[in-house]
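In order of appearance the chains are A, B, C and D, and numbering begins at 1 in each one.
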Amino acid sequence: MTNAFLYALAGSGLFVLGLHALVMHAHVLRKILAINVMGSGVFLILVALARRSGETTTDPVPHAMVITGIVVAVSATALALALMLKLAEKSGQAVLPDKHGD
Amino acid sequence: MLQWAFDTMLGFGLLWLAWRALNSSDLFKAIVLFIAFGLLMALAWVRLNAPDVALAEAAIGAGLTGALLLAALARLGAMTDQNVSGASAYPVPSAQPPAGSHFSRGLLILLLSASVAGMAYAIWSLPSYATGLSMDVAAHLDDSGVGNPVTAVLLNFRGYDTMLEMMVLLLAVLGVWSLGGLQQQPEKPVAAVLETLSRFLTPVFILAAAYLLWVGADAPGGAFQAGSVLGAAGVLLLLSGWRPRVRLMQWPLRLALTAGAGAFILLGLLTLLLEKQFLTYPVAQAGRMILLLESLATVSIAVTLAILFLSVSSGHKEKSGKGEKK
Amino acid sequence: MDGMSGNAWLPLMVVASALLPGLIIFGLPEEKVRLRTVLNLSGAFAKIFFTGWMLWGVYHGNSYEMRMAFLPGLDLVLRADSLSLLFIALSSVLWLLTTVYAIGYLENSPHRSRFFGFFSLCVTSTSGVAMSGNLITFLLFYELLTLVTYPLVVHRGTEAARRAGQIYLTYTISGGALLLLGVVWLYAITGTLEFSPQGILYHLDTTYHPALIAIFVLLIAGLGVKAALVPLHGWLPEAMVAPAPVSALLHAVAVVKAGAFGIVRVVYDIYGIDFAAELGVTGPLAMLAAVTILYGSLRALAQDNLKRRLAFSTVSQVSYITLGVAIVGPLATIGGVVHLVHQGLMKITLFFCAGNLAETLGIHKVREMNGVGRRMPWTMAAFTLGAFGMIGVPPVAGFISKWYLGLGALEAGEPWVIPVLIGSSLLNAAYFLPILHRAWFRDPPDSWPVMRDTARDFGDKETAWALLLPPVITALLALFAGLLASTWFSPLEWVQLIAQRAFYH
Amino acid sequence: MTAADYVTACLFILGGIFFFAGTAGLLRFPDVYTRLHALTKADNVGLGLIVAGLALQAESWLAAGKLLLIWLLVLFAGACVAHLVARRALRKGTRIWTE
């Protein structure tokens, strides 16, 4: 396996770091950061695996997917931020309730 | 050897920055670290021989996302009655994980470790050489109308994916607008230096975007990268106090937002009539059709990104009403 | 889109007939009531028309298939075979009636454009689920169904509705993830996901069998969430806070049915019934279904809230379908698959009636139903027919299902099913007969609980005609499906055609 | 290695020293103004040296021109941003380190 393996490994690490933060933190902004980090991890794995087809002819399909993915991620982030601001406006804080009153 | 060392350092750097960004006690610091993380990601794309991705990441991951996050943080600070004066104005009481038993936290760590191990194993067990779809793409590249395989995939082979992506962007704008709509703010004066900077840089950005769009046919670049750069120019203009005219905010804005998705749909229907296949271009015309689609998509992406920034940073209608009365 | 012959357009038209009105309705202003009604009804009628066309064609041996390249080696396929037409026919008829009902039910309430928009999208995805020609198409529409029903569940926007919506999403998204995992794993082993009459796995080496069993568990767990198999049923009783037309949709037309239908597809067209029996997965599935049948009925007994009781009854009744599928044999198959239609007709009747009681008189609880039969005779007559069907009283449709299930179990050498069926029927009687007794034989109270509710006042009229007509029609359909079961146009006859194709290829 | 390669290597090392010094300054200097000083040194001179080294390796004049353009842009943007940061700090009342 080439250096690309390192990046794929780092990608899976990023995904799990993000997942951890997503579960552990109550603040919505941090959850949004966490989802972005998770996304970066997935992108990294995809592109690292595309690297396997050789030095010169990398697989362009994952690249295309990741490019669109990045643009979609930023617009999803904007939507999430707008939702967060709405939540803060209504409830006075951008924190999700811990428990959903059973 | 040197390459291994560099790649290892970059990998650890990414992980470290991500960890710090997600767990630092101060939200402002977290966002700044996240922007740095985006820059390192761009470097990683270059190392992975993905210059197209690197271009998009540099404009978006490092620039636009950061601007969005900071703008949202500033408004959050104003909204939740926190002191906005200092960089450390956003301490998060719950930066430390909320109460949870040691057992459940231990279980979570265990599960997460297991999933890292699982992913690592899955990646490790894949064959170290696989052509994926690169051969298919190379075989049909001559018929695609462009020379850059990534552009060929985006605009030709997987054209309808890109069409759906354009619709996702449109939906994001609709979603943000439905949460309060876009308000019209008056232009506000800003520092002369910032104004000069934006005056000087905007033409450069536009030139760069046009260049990226044009070379996208044969070299790294294309609609998404060009749109991101143009969108970044829009954000810079908005930051330096510029506001589009009211007249432009009505149907011209809507037209620009829908141009990309609309062009895909219309062209798709046209090809359905001509070629009996949705978004399958006649070989002779493919290059021109792709250029047309890319140009409109660039405009849509740029306007979408700038409008998203404006909406997130400027707030809702109720609030603006108060602001204008002052 | 290869092979876009005349026949390929029909499946697409069925999907489009719900999709297009839905998309237009989203853009309509709230007050355009008449235009919205016209769009809704024309979509529903168009769908029935196209479905009828395809039914006629398939009966005469035609085939309808639309194929579109999705990934290399994996197409999006919409195909109308006899099984999918059964589901489509059910959903298009019930869609029309539910639309009429919803128009009456939601009169003058807010957010109707949103409601009918998602309502149409919900039917769109159900059509897609029904006509999927392979597992990947099925998965796409199945997940779409999850997303478009959520806004309907939380439609009222109250705290309880939001909570129910959250529970609904938690269950269905987790189930969807399991299903996705199973589908990807299956694809990695077989390289195809096409539904085919003998399944696609029988030729595989025995070394794959453990993996195939694991995949079966994943797929059933994913589908079992929507099909409300115990212990994955938790969302269904919670979701009863949604408006009555949505309950009808969840329980009879779309969601629960999509899960049950998926189980039918996986067992017959992916694994193949013979291969599934050889793997040894049908036995445990049958046991699980039996447990669900008894558990749902037992829980229903204890509910005072009428819709909650009906919801637990659905948990129980839907598993008859799974049970029929899991017992290897043509007769049990007939019993299970025909129950897809019969349960739909009977349960939608009951939910319509429950909605009428709540809307007209403000009745939500069983103990408030004393003497309601005198105030609302037509509604309660329909309710009675539906309840008799559920219990299995001949000649209502439910009897046919239970009869074939029992015969099928004996034929397959699984006599333990008979006590389950008898026990379940006794329990059905135990929770439905007291309701009927209260409604018909007890004296009505001095006043109905209307006042403390938002229910509308209809004066002396029983209720609005748009609310009354649908349950009466569905109750009659349930009656005729049983009474005329041996005629050529009954669901039973059609299901026998399906069973024939599954077992005697 | 040709003479140009040696020159490039020397320029890179020099540039690297500037970047290193700039980073050290950024981390160690006491207040925002002095840190800006360190930062702009790395940006301006360090990047300038690296660009000069790369320009020697460029295949054509056009490529060298693009590199130069990048440096000029960074110079311009860096100067403006440093100014903005300093001004904001002054307005906010961040005191200048005088010890």
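In this section, contacts are C-beta pairs under 8 Å (C-beta built on N, C-alpha and C of every residue); 3 or more make two chains touch, one makes a residue touch a chain.
None of the values given here were measured: they were computed from a predicted structure.
Chemist: Considering A-B alongside B-D, which chain pair is linked by more C-beta pairs in contact?
Modeler: A-B
Chemist: With chain centres defined as mean CA positions, report which chain is farthest from chain A.
Modeler: Computed centres place C farthest from chain A.
Chemist: For chain A versus chain D, what separation do you get between their C-alpha means, in angstrom?
Modeler: Once rounded, the distance between the two centres reads 32 Å.
Chemist: I'd like to verify one number: the distance from the centre of chain B to the centre of chain D, where each centre is the average of its C-alpha atoms, in whole angstrom.
Modeler: Computed from C-alpha means, the inter-chain centre distance equals 27 Å.
Chemist: Nearest whole angstrom, what separates the Cα centre of chain A from the Cα centre of chain B?
Modeler: 12
Chemist: Indicate the whole-number Å distance between the mean C-alpha point of chain B and the mean C-alpha point of chain C.
Modeler: 41
Chemist: Which part of chain D faces chain B closely enough to touch in the complex?
Modeler: 73, 76-77, 80-81, 83-84, 87, 92
Chemist: Under the definition above, what is the set of chain B residues touching chain D in their complex?
Modeler: Spelled out, the residues of chain B in touch with chain D are 85-86, 191, 193-194, 196-197, 200-201, 204.
Chemist: Within their complex, state which residues of chain B touch chain A.
Modeler: 3-4, 7-8, 10-12, 14-15, 18-19, 21-23, 27, 30-31, 34, 37, 41, 44-45, 47-50, 52-53, 56-57, 60-61, 64-65, 68-69, 72-73, 75-76, 79-81, 92, 94-95, 97-98, 108-109, 112-113, 115-116, 119-120, 123-124, 126-134, 137-138, 149-150, 152-154, 158, 161-162, 165, 168-169, 172-173, 175-176, 179-180, 222, 224-225, 227-228, 301, 304-305, 308-309, 311-312, 315-316
Chemist: Touching residues of chain A toward chain B in the complex: what are they?
Modeler: Checking each residue of chain A against chain B gives 1-10, 12-21, 23-27, 29-30, 32-34, 36-37, 40, 43-45, 47-55, 57-68, 70-79, 81-86, 88-89, 92-95, 98.
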